[in-house]
Structure formats: structure tokens, C-alpha cells
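Pasting the structures here.
Okay, so chain A shows up in both of these, paired with chain B first and chain C after.
Moving on, here comes the complex of A and B:
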């Protein structure tokens, strides 16, 4: 059990490539932190620096209250689960699990036991203790019946369990996971996700988890760290990040299907209120989370309005209540059981709408559709990508 | 029908090839069991050899072996012991040092590793004969002449070809295995011993068998560095035996002694051939 602190942590390859750029992160004891971002965003490098497998270019890492910059991986009291499992192919599951423990034995010498019977007894007791720990970990992960098998005889999911078990027996202060589920099929991935969550709850251990899958991140994290190009974009709980993305990148990266982004302009009306203009339509911003002062601080500039697909409402033809709507042609309808995604072609843009399948009614591909943009649940991003924070409510 | 015919053709070609390759061996064996007169006649071409000697002289074997060296039996047993010591130590030394160096070249990043690797490869281009004299001078200055050391010690400093083989094989082992072991608390040496060596078994099989056969049959090295009778390896002892009994009248004894010398290699090869051919094929596919 330990906290982990990253202070201005950077990794520079050569002289110019900043793989990780001044990351500050404070992980509290027992927290499940997920680093998420597209490939090459520096999340894995950050994790590997915490593990000690990668040198630190600048900044500090502390685990507990000890700075570990120059501490070898084995002395950091961490355990890591690798993407390709990294099971030792020549050892069976039990040997794989006890490999690290064997190394840490106090009574290591096989030879001393030959003439020193007290030593032999303690060595044997230690051996039994290791066995017991391996058995306990195997029970937790229900892999007891696999203990005598070599890794090549295991399925992907079983290998994954063994890899987690290898971390578990060590009882480390911090668990590090490097995309551990990305080699599993979707069904198994969901299952393992649940199990990891349950495991975390029962262990109350600090866990740092890297993934490129934002859904996985949302489902696992206490807090998530969204990264891009080595820079932290936002840190927060999954709800916070989903509800209040800090910038356009986070908004677009988190959430399935991705947020619809309307690139338009702010315009001031004669009565001093603001509206959003896009594609010859005008959407009033009076009933939104932004007050006139906040909007006039931006001025009549190019802005982007982001709307989650489930926040677009299908309007019956002819009944647009006078409100501004988006009108387009349905390109495809993708049905996922109770939910369906409607992709609408509006001039050059594709707009995705998520709706209940029941409410689709007689809509077909090729039909004309009217969508209402609910500006009060929309997100507004400045030209530089930063979100305009709510100033009302 | 056509297929059967084709199979018959294939097998007869293979059998003919095998017969040609086994002919000298068979010839040695038959001569070693002949009486002096018939053996001498066979060598000079004066008399034909039968497929099996009419009266096999099994006594030729103890006779030949006991007469190696000056004291009965001692020469042979001494040479056998020397050969075993040299071969076993050289095999162990070559496997340990080559795998360790190969591991370093494959997985440890250090300044100049590329240059050193190329330099090592370049030494393979150097014919062995070129280094005979400098090496001899070196070992003479160390005072190692007429001891087994010049034959054994160099093996503990690696063999360029096997280092190359190990490096190529180890480069295929996923990096994350080594990282997992690092997190598990193992040092580089620990990783080499507990992970790399067990995983390199096919390469080790090839390395061990090749080295064994080469060293066991090596004649040049022992001839250069060893002078005394009691330091001789089997290959050298056999040569002295040939000088002593190389006349036509004793050719059956020479054949008997030669056959005995060959036995370990034949046994080793047949015992390990499954491993060995597998490893060779694997090495080929994996580069």
C-alpha cells in the first residue's frame, strides 16, 4: 500500500523527442488510476518509468515517501503485468508464480541445509510459506487446476490470470498494468475487467493501469489521466471527464460513439445575447450554462460546439417548434439491440445520433431527418481547443 | 502403382547413398577383425575382403588398446582420460561463455556494442592457421606448453560462431520476459542463468555436439601444445600408434584403435540427433 507521486516527470529521447512532457500526478493510497490516450501518447513510457524499466530524463517519482528515481525495479516494491503476459515459457504455472518469491527467500542456500538442520527446517518452512501464498493467489484467480501446466498449454484468458497472479503473490505496494487486456477477445476482456475491479476492491492496493481503450478506462478507473503527445490533458473521475472534458481532444477521445463537433462561430445579436452559427443555422445560447459575460469574453470568434450523440433529439417532420434544427439525410442506421446510432449526412459533415431503437419509428436509410441540437447540454470549445467552462449553475 | 514405384526409386537412391557413406566404416570394421595376413593383403589389394571375416579376431581390440603408449594399457587409459577432461571442459566453457556473450550482445545496451560485435564477426574470417604461432608464443610465455590448459582455457572466452548463434536466438526472446524477471528481482546474471540458458536449449544442443565432435577429433591443437606421452589426447595417441604400428603387418590393430576412438562421437550423435536436427532447423528458420 503506498502513494505514488510524479513531479514534472519527463522522458526525452535523443534531444528533441519529448515522449513524456512534465507530468504531474499524485496517486493516493489504494487508488485505481488509469492512464489513457492514443498510441504514442507516452502513457506506457510513464508506467515503465514508475516501474524503473525506463530511465527518467527529468523530474521525480516517489513511491510512499521515498524518491525512487535511482532505485532498481526490484527494490521499488512494485509488480507489473505485461501486455503479452511475459510468462516464463520453461516454467509451469506454479513456478511462474513463485519465481519472484524464490528470489526473495531468506534461506536460499540449498547446500547449507545439508549440514545445518536448523537452517534446513527454516528453509522448508519458508518453502511451505511460498507454496501457501501461491495457492492463495491461485484460489483468488481460480487457476488452481492449472498450477502444474506450462504456459503454452493455457488459453489467452488463463495466461492473463497467471500474469495477474504473478503480481498478486508478490503483495506489492503498487500494481502496474501495461495494457493487460488488449490481447484478449472482447467477451473475455469484459469479464477480466470486472474481475480486476473486484480484485482491486478486495485488495485495496494502489493500481496504475495503462490502456488505449477509453471504455476500459472509464469502467475501471477511480480517476483517469488522459494523455496526448506526452502531455496530460485532464485528470479526473470518469464522470468528471465525461461530463466536463477540459478540451476538444478529451471530448472527442472519451465516449462512444465520439462527440459530434460542429465548427462554427459565435455571433452577438442586437439585444446583446449570443448565438452559435453553424451551416447557415443559428442556435441561441441564452438558455445555456454560459452567461453573456463569459461569451463576450470570447467575442465573435470561431468556436466548436460539441454535442454527445445521445443529446441530439430526432424531431418529427414538420414539428420543429420553431427552434433551429439540423437537417440531413440518413446515411446509415446501426442497431445495437436496444440502442441505435443514426449517421446523418449534413452537407460535408457526418452527425451521429444515438437513440432508443423503439423510437426509430419508420425511419430508413436515405430519409430526411431533423435533429434538435440541445445547446444546454452541449460543450463549447475555443479555437485553441480549450473548453469554455460553465459560468452559470 | 505409380506412387509405389516412385517410392521404391527414392528408397533405392537413399539406400545406395547410405551404402557408399558407410563403406569406409564397414571396411575399417572388417579389417579390424581380420588376421594380420588377410588384413595386409586387403590393404595392398592382394586379396579380397569378405562381407564378414571368416574367423573374426576379437582379440585385436584389447591387443591394440593395450599396446598404445609404452606401458601396457596405461597409454590408452591416459589418453582417454585426457580426451574426456579436455572435451568436457571445453564443451562447458564454450556453452557458458558463448551464451553469456551472446546474451550481452543481444540484450544489453552498452557503448560500442555494435563495433565489438562486428569485430567479433570479423575474427571468424581469420583462418585458424594464421594465429597458430602468436598463440603458441603466448602460451609459452604463460608456461602452459605441454599442459592441457592451452586446449581448455580459450573455450571459456567464447567462440565467435556460437556467440553469433546465441545472439540471434536470444534476440527472438521477448524483451518483456527479461523485464518481468527484472521486476521479480533478478540481476542480469540471474536472468541469464534462470531464463536465457533454459530457453536456449536447442542452440546449446548444437553448440555442445559440434564442440564435442570437433574437440574430440581435434588433432592439430594437441599436437602443437602437448609433447609428453602422458599428456596426449586420443587423437595424438592414435597418431603415435600409427607411427609405431603403421606397417602393413599391423593394419588391423590400427583399425581397431581408430574404431574405438570414434565410438563416443557416434554414440553422442545418435543419442542427440533428434534434438540436434530440430535445433538446426529451428536455428535456420529463426535466423
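Moving on, here comes the complex of A and C:
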């Protein structure tokens, strides 16, 4: 069990490519941290630097209260689960699980026991201890019946369990997971997600987990770190990040289906309040919702309003009196059991609306639809992408 | 811009290459067509010769002579074949004879005459001579004008040389003696060897020169003919009246041989003690540190003439005939123009032989300095006795010729090989006491000459029956195959596709059947036959399992070759694998210019062949070779001396030398290992690193198991290759000294192409196949214990 501290951590390839750019992150003991971002965002590189598989260009990494920049991977007291499992193909499951423990034996010599009976006894005791730990880990992961099998006889899910088991059996200070579920099919992925979460709860170990799947990140993380182009975009709990994305990138990246982004302009009304103009429509921004000072600072500039698809409401035909209405043609309706996504073509933009299937009523593809945009549940982003602070929420 | 320019040049290059290939095909085709179409009414005679030491010049002289002959004989056309050196010549001659299409006129060395005559390959020439005498042809051959011994060399009757019909007109010859270094003689304060010096004087001179710093008195080659020449000077020989009556164990012969052994092995510096064919005998003299070298004939003269004069760092030299023992004796070694017994135009062939043996051609060839004309007047002319060229003592060759004798050999060519290889063990390497060496020789020759395979009366090979059996078996096999294919319940369109597939593969299938399957089956049949390989297959005799019985029960040389090959394999296979793997690990590193390093490691494998073998012959030369020059400084502090790899230490170090040399070719194996290494997922190493493994542990726990299928493959290939060593041994040592570097396949070649025992050689080939097969099966059987085939997947 340990904390992990990253201070101004950077990885530079060659002279110009900054794969990881000055990352600061403080992981507390027992926390489940998920690094998430699109491919090439530097999340895996960060993880591999924590593991010691990549050299650090600058900055420091501490595990516990020890700076480990120059410590070999094997001495960092970490365990890692790889995307393609990295099971030793020539060893069976038991040997795979015990590999790390065998390397860390106190009584290593095979030969000394020949003449030193005390050594032999201790070595045997150690052997039994390793066996017991492997058995325990196998029980935890329900792979006891696979122990004698070689990896090639295992299914993808079973291999993943063995890979996790290999980390588990070591009882490390920090668990590192590098996209461990991405080679599994969706069903298995969901199952393993739950198991990992349960495992974390029972172990209360520090875990650093890398994924490009934001849903997976949301479901697993105590806190998540959203990264892009080597730079940390936002750190926070899944709820925080979902509710208050720090910038347009985070807002667009987190959440399914993605947030609708309306690129419009801020405009000052005669009464001094602000409104958002988009596609010849005007949406009032009430002072109760938006910090007037922030809006004034921006002035009449281009801004983006982000609205999550479940925040758009379908208006009954004819009831379009409210000003905050968008009108378009339904391009497709995608039904997912109780929920449905309506994709509406509004001039050049496609707007996604998530709604309960029950409330669809008689809507068909090709129909005209009116959607109500409620600005008080919307997000506003400046031209540089930074979120405009809402006055209160 | 650059891209398109590069593309343009690449296209240009491709075009040039394509044109070049087409041109090569077209010229060869046109040449043949030309020969066929523009054929006039002239009769074609085919001539074959070699030009080993004579090189381009000899080639040109023969060519000029033939054109002159064509000019004088407008009704005849001569086609000339020159396969290169004598070895290639005899191989080519053998295949031409076996195919029933031998050249009309060709060279025959006197040492091969008994074998050739007994195989019925040569036409007797006496009738032609009589006929010429009767007609009094203008340029007729008068044997009276020839050196008599040279003529005798080509007479053979009643299994005796020097009597009976004449089978060749000697074209040139040589007597033998020692070449001596004038400078070393002067430094040692010695008088030049006289025309009739003695062995006592010889060894006294050698001892005196051996005392000079870094010098050796004499190089005395122990080739069978030279051993016999030496014995003849003492009035002795290895045989009595016939070759069944060996005299090698008589006290006199033993004493003479033991004197030679003592000179070589018991004295320091008098005679070179372990020089082998590695320096091809004669080249030792070029070092300028050997006082005398021989007994050699005239053939070394062209190369010795290249020794620079004293003021340019070389030395002066001359020739002295063979010293006297109890008698004054010398030998002739000679080559004739002979006519094939199967020639369709014997009269025309004879007229060509007459022309080529005539004085003008002999004189032209004499200028090469390579040999002595067989016609006395030509020999005494300035063409041979060139006052402007070394050696000064041309006359020495000629006076020796007056009392020179022929060295006769039995029809079985193995006699010479056995004598050479067995006596070498006593005289040259000294790894056996001389008495044992002689006993072995006599035993082996007795076994060989009394072998049931030598029996005259053997049933003919039942080719017709075998042909029918083969035909019926293959037809039955084909029928069964077709039936099986028919049985398979497959849809029509698939069947059509299958048929198309076989049709497309048929060129290869036919090629395989003709050029692989048929020869393989033939060699199996021949393994039970006695076939000389120089006459059509119908002449083969059926011997049952006698070939195998002889090989496995009696043939000592077979056992030796087996042992040499096994010794080599045990060293070369593991060493090659380990070095290749280490190199692959290095070449797997990600450093700048790694491609260059990889290419450098692979390059030697591209250069394989004779050239590399010659190079390594120099490297392993025990006298000034690179290997010993590098080793000696390391060994001196330990009180050791570097081995004479192919000399007297050949029993221990001959095969290891070849194993060392085989490391030159690890590039190919390395590339396969490298490909295997790059297949290993990097995550395994990362996982192992996190799990607590250092680099060495990762090598044992990840690299080796993951690479094990590749190691298996490479090991099997290496085992197979190790049993097929031929080129290196053939070029570098020819199996010498004795049989200490006679690898299995080299002995197989000796049997097939030098002793004309094709059946015996076929049996050897099949035994080799079984051995390699057995080894491969053993390796494969044990492989499931250490090969992890799943390593490459997952």
C-alpha cells in the first residue's frame, strides 16, 4: 500500500515530441486512479514511467516516500497487467503465477540444500508458502481449475484473470493496469470491470489504470485523469468531470453519446444581460445561471455551448412558443431498449437527443422535430476551449 | 523530384538487368544454333584437355594448334572443351563417357592409364602407327624419336605397364628432383648440388640449412609416386612382380622409409615435419625459408618463375635431379593424347593426335616451361632450354630422363590412394609408428584387392526387370493417388480448381520426377550394383548387399571418414549455434547503424564456396598463416605452440580447424535466430522485468524457451549440413594428411569420381541418408522435452 506522486513528469522523444508534458498527480493510498484519453495522449507512457519501463525525461516519481526515478522495475514493488496479458507461453498457469515469487525467493540456491539440511528445510517452507499464495490468488479469481494448463488452452477472459492473478499474488504496493480489458468482448469487459472494482474494494490497494474507454474509466475510477497530447486536462471524480468539465475537450470526450456542441456567439442584449446566438436563434443566459462578470470578460465573441443529449427535450408540435427552441429534421432514431437516441439534422449540424423510448410517441425518421435547449443545464466554452464558470451549481 | 529520378534510374537498372539476362540466354542459344545450323559437311571431332597450371596460355596454344589443324584439314572441324584443371577434366570425362558421348581425343595422365584401359575406354594406337608407316605419311609419328620411358608409360598389357598395346601418344612429360634455393645454399656455405649427388649429400645440405635461423632444410613431399621414386633410387619399390606381392615390409624397404621418417620427425629443422597439401607442397618453397623442395616435376616452374630476383626481395633458385641412392634413377610423369574407344571418327581423331603430338605443337607448349617435350629434338631445342629463363639446369631434367622409369599402377586406382593415405600417417603426420602404418596399408590393400566386389564374374544388373517393377509401382501409385482424389467427396467447381492446381504445378512435378525422384531411385538401385560410371548403365553388375557389407565390415577409410565427420559435427554444430545465437542477440540491439552490422555478419555466408576455402587454407597455413600468427603470442606464455592444423597435428586439430572455419558461415543461422528474436513479444520481457528478472534470467526464462522452435530448426539444419562437408575439405586439404580430414562426402566423391565405384558411392550416400535421418529423428523425438512450440503464438 502506498501513495504515488508524479511531479512535473515529462517524457520527450527526440527533441520535440513531448509525449508526456509536465504531469502533476498525487495518488493517495488505496485509491483507484484511471488515466483516460484518446490514443497518443500519453497515458500509457505515464503508466510505463511509473512502472520503470520507460526512462523519465524530467520530473520525479515517488512511490511511498521514495523517489523511484532510478529504481529498477523489479525494485519498485509494483505489479503490472498488460493489454495482451503477456503470459509466459511456455509456463502453465501455476508457473505463470509463481514466476515473480520464485524470482524473489530468499532461499534461492537449488544446490545448497544438498548439503545444508537447514537451508533445505527453509527452502521447502518457502516453496510451500509460494504454493499457498498462488492457491489463494487462484481462488480469489476462480481459476483454481486452470492451474495446470498452458496459456494457449485458456480463453481470453481466463488469460486476463491469470494476468491479474500474476499481479495479485505478488501483493505489491501499487497495481498498474495498461488497458487490460481492451482485448475482451463487450460482455466480458463489463463482467471484469465489476470484478476489478470488487477486487479493489477488498484489497484497498493503490491502483493506476489506463484506458481509452471513458465509460470504463467512469465506472472504475475513484478519481480520473483526463489527458490529451501529453497534458492533463482535468483531474477529478467521475461525477465532477461529467458535471463540470474543465474544457471543451473533456466535455466532448466524457459522456455517451457525446455532448452536442453549438458554435455560436455571445451577444449583449440591450438590458445588459447576455444571450447566446446560434443559427438565427437566440438563447438567453440568465444571470442566475451564469456569472455576469465572466460573460462580460468575454464580450461579444465566438463561444460554444455544449448540451448533453439527455438535456434536450422534445417539444410537442405546435408548442414552440418558448424562444429556446431548435427545429430540424430527424435523420435517424437509434433505439437501445428503454432509451433512444434521435439524431436531428439542424442546418449543417447533427444534434443528438437522448430520450426515453416511451416518450418517442409517433415520431419517425424524416419528421420535423422541435427541441428545447435549456441554457441552465448547458455548458459554455470560450473560444480557447475553457469552460465559462457557471454562477452556481 | 528526387523520387522520380530515383525511380527512373531504378527502372533503367531493371531494364539493363533484364536485357543482360536475355542477352545471356540468346548468345548461348545462338552459339548452339550456329553449331547446329551452319553445320557444313565437315566432320566434327571433339577434343578435351585441361590447362590447370598452364592457364590461359596453354588454352591459347591448344586453340591455335587446332585452328592450324582445321586449316590444313578443310574437311574436319574441331570442337574443343577445356573444363579447367585436371580434377574437373576427369569428372567431365567421366560423365561424358557414362552418357556414351565421350570426346574423340583427350588427355590421359599415365597414372590413370591402367584404370582407363581396363575399363575399355581407350583405343589402341599401334594399327594407326603401322598404317602411317606403310603409307609413309609426311608427318607420321616416329616413336624412336621420343624418350622411351614416356612411350612405355602408355603401353599396357596383361595388367602390366610398359608392355603390350600403345594407348596414347605422350605429349609431354617431366622427370623429378629438388628445387633449391641458391641464396640459402650460399648462406650456409654449401656447394651447389651436383648432377649426380647422393641422398647423403642431400641430407647434409638440408641439415646445414636447417641450422640457419628460421629456416628449414627441405620440403620432401610424400605423395605415393614420389615415395616410389625415392625407393627406386635405392633399387627398391613397394611391390615385387605384381601388386599382390607387396614388399613394403621387407627390411630394406622399411629401412629406406624409416630413414625418411627419421629425417622428418627425429631431427629438428632438417626436413619440414608436417607440411601438408595445405601449402600444396610446392608453395612452401616460395617463402624463401626452405632450402630444398621436392621431389617435384617441371610443373612448378611457371609459378617459381614468378619469384622476384634477389634485388627485389626474392631469391635465386635452380633445379637438381633426384639424388642417387644405390642406383641412379628417376621417374617420368607424363600425359598423352589418347583416342576414345567409342570415337565415331577414329581415323580423323588419329590425324588430329598426330598433328597435336608433332614437334611444332610440342615446341609451342614447351615455352610455357611447364613440361618437357616428349620428342627428343624438341626437348633439346631452345624452346625448352630457354637460356633467358630459370631454371638454368634444364639439362638436369633431360639427363635424368635417360635413366628414368615409369611409375606403374594397378588397374584399381585405390592402390595409390591407400598407399598415400596410410604411409602419410607414418611419414608425414607421424601419428602412427611406421610399422603400423605399413601394416595398415598392406591390410587395407589386401581387403580391397580381395573384396568380392573385385570379382570378375558377377551377374549383370537386371535393369529390365527393375524397370518394369519401377514402372508398375509408379503406375500403381499414380492410380491409387487418383482413386483417393476421386473418392474425396468434393463439389465440382472445387475439383476443377484442384485439377487446375495440379496442372499449374505440373512443370515442377515433372521436373521433380525427372531430376530428383528418378536419380534418387537410380542411386538406390546402384547401391546394389557395381558400376564404373564411365560406361553405359548396361555394364553394371549386380552385387547384392556386397557394397554395404564391404563398407560396414571392412572399409577402414569409411570408418575414418565417419569418425572425422562425427568429430567435426560434435564441434561445429554446438559452436555454430551458440555463436549464431550470441551474434543474433547482439544484432538485435537498437543502435545506430545496426543494419550495417547485420549485413557485415551475413556477408561471409554470401561468399561461400571455393574462394573462401582457398582463403582459409592460407589462414590455417601452419607456416605464416594468420591463425597461428594470432594464436602463437597467446600460447607462448603458457608454454604451448600453435598446432599444425593440417600437418602433423591433423589427427587432433584437422577437424576442429574445419569447425572453426564453419563459424565463418554462421550468418545464415544468425538471421534465422534474429527473426525469431524479433518475434518474441516485448511485453514478456517487461513483465519479467517487473516480476524481478535481471537480463540473464530473462535470457534463460524468456528468450531461450521462446526461441526453442527456432533452435530446433537450426540445429537440425546444422546437423544435416555438418555431414555434407565437401567443398572446404576438397579444396583445402583433399582429405590429407592421410585420411585425417577426409570427410564422409569427400570419401564418397573419391569412390565415385576417382576410383570409378559409382555403386559403392551410391551405397555410401544411402548410409549417409540413414545416419542423418536417424539423427534428425532422435533430435525431433527429444524435442518435446525442450521445445515450446506455443512460444511463437499466443
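One rule holds in what follows: the second predicted complex is superposed on the first by the 387 of 393 C-alpha atoms of A that agree within 3 Å, B and C clash if a C-alpha of one lies under 4 Å from a C-alpha of the other, contacts with A are read in each partner's own complex, and residues count from 1 in each chain.
Rule of thumb we're sticking to: a contact is a pair of C-beta atoms (placed from the backbone, for glycine too) under 8 Å apart; a residue touches a chain by one contact, two chains touch by 3 or more.
Nothing here was measured: the structure is a model prediction, and the numbers come from that model.
Under the clash rule set out above, the superposition-derived model of chain A with chain B and chain C contains a clash between the two partners.
Of the two partner chains placed by the overlay, chain B and chain C both lie in contact with A:100.
In the superposed model, A:152 makes contact with chain C only, not with chain B. Once chain A of one complex is fitted onto chain A of the other, the partner contacts of A:51 extend to both chain B and chain C. Applying the stated contact rule after C-alpha superposition, one finds that A:82 touches each of chain B and chain C. Contacts of A:110 after superposition: neither chain B nor chain C is touched. When both complexes are overlaid on chain A, the residue A:364 reaches neither chain B nor chain C. In the superposition on chain A, A:74 makes contact with both chain B and chain C.
Put simply, chain A uses residues 51-53, 72-74, 78-80, 82, 84, 86, 88-90, 99-100, 103-104, 166, 170 to touch chain B in one complex and chain C in the other. Remark: chain A residues 51-53, 72-74, 78-80, 82, 84, 86-90, 99-100, 103-104, 150-152, 166, 170 touch chain C in the complex.
Chain A makes touch with chain B in their complex at residues 51-53, 72-74, 78-80, 82-84, 86, 88-90, 99-100, 103-104, 166, 170.
Residues 681, 683-684, 686-694, 697, 701-702, 705-706, 708, 788, 790-791, 793-794 of chain C touch chain A in their complex.
Here chain B touches chain A in the complex through residues 174, 176-177, 179-186, 190, 194-195, 198-199, going by the rule given at the top.
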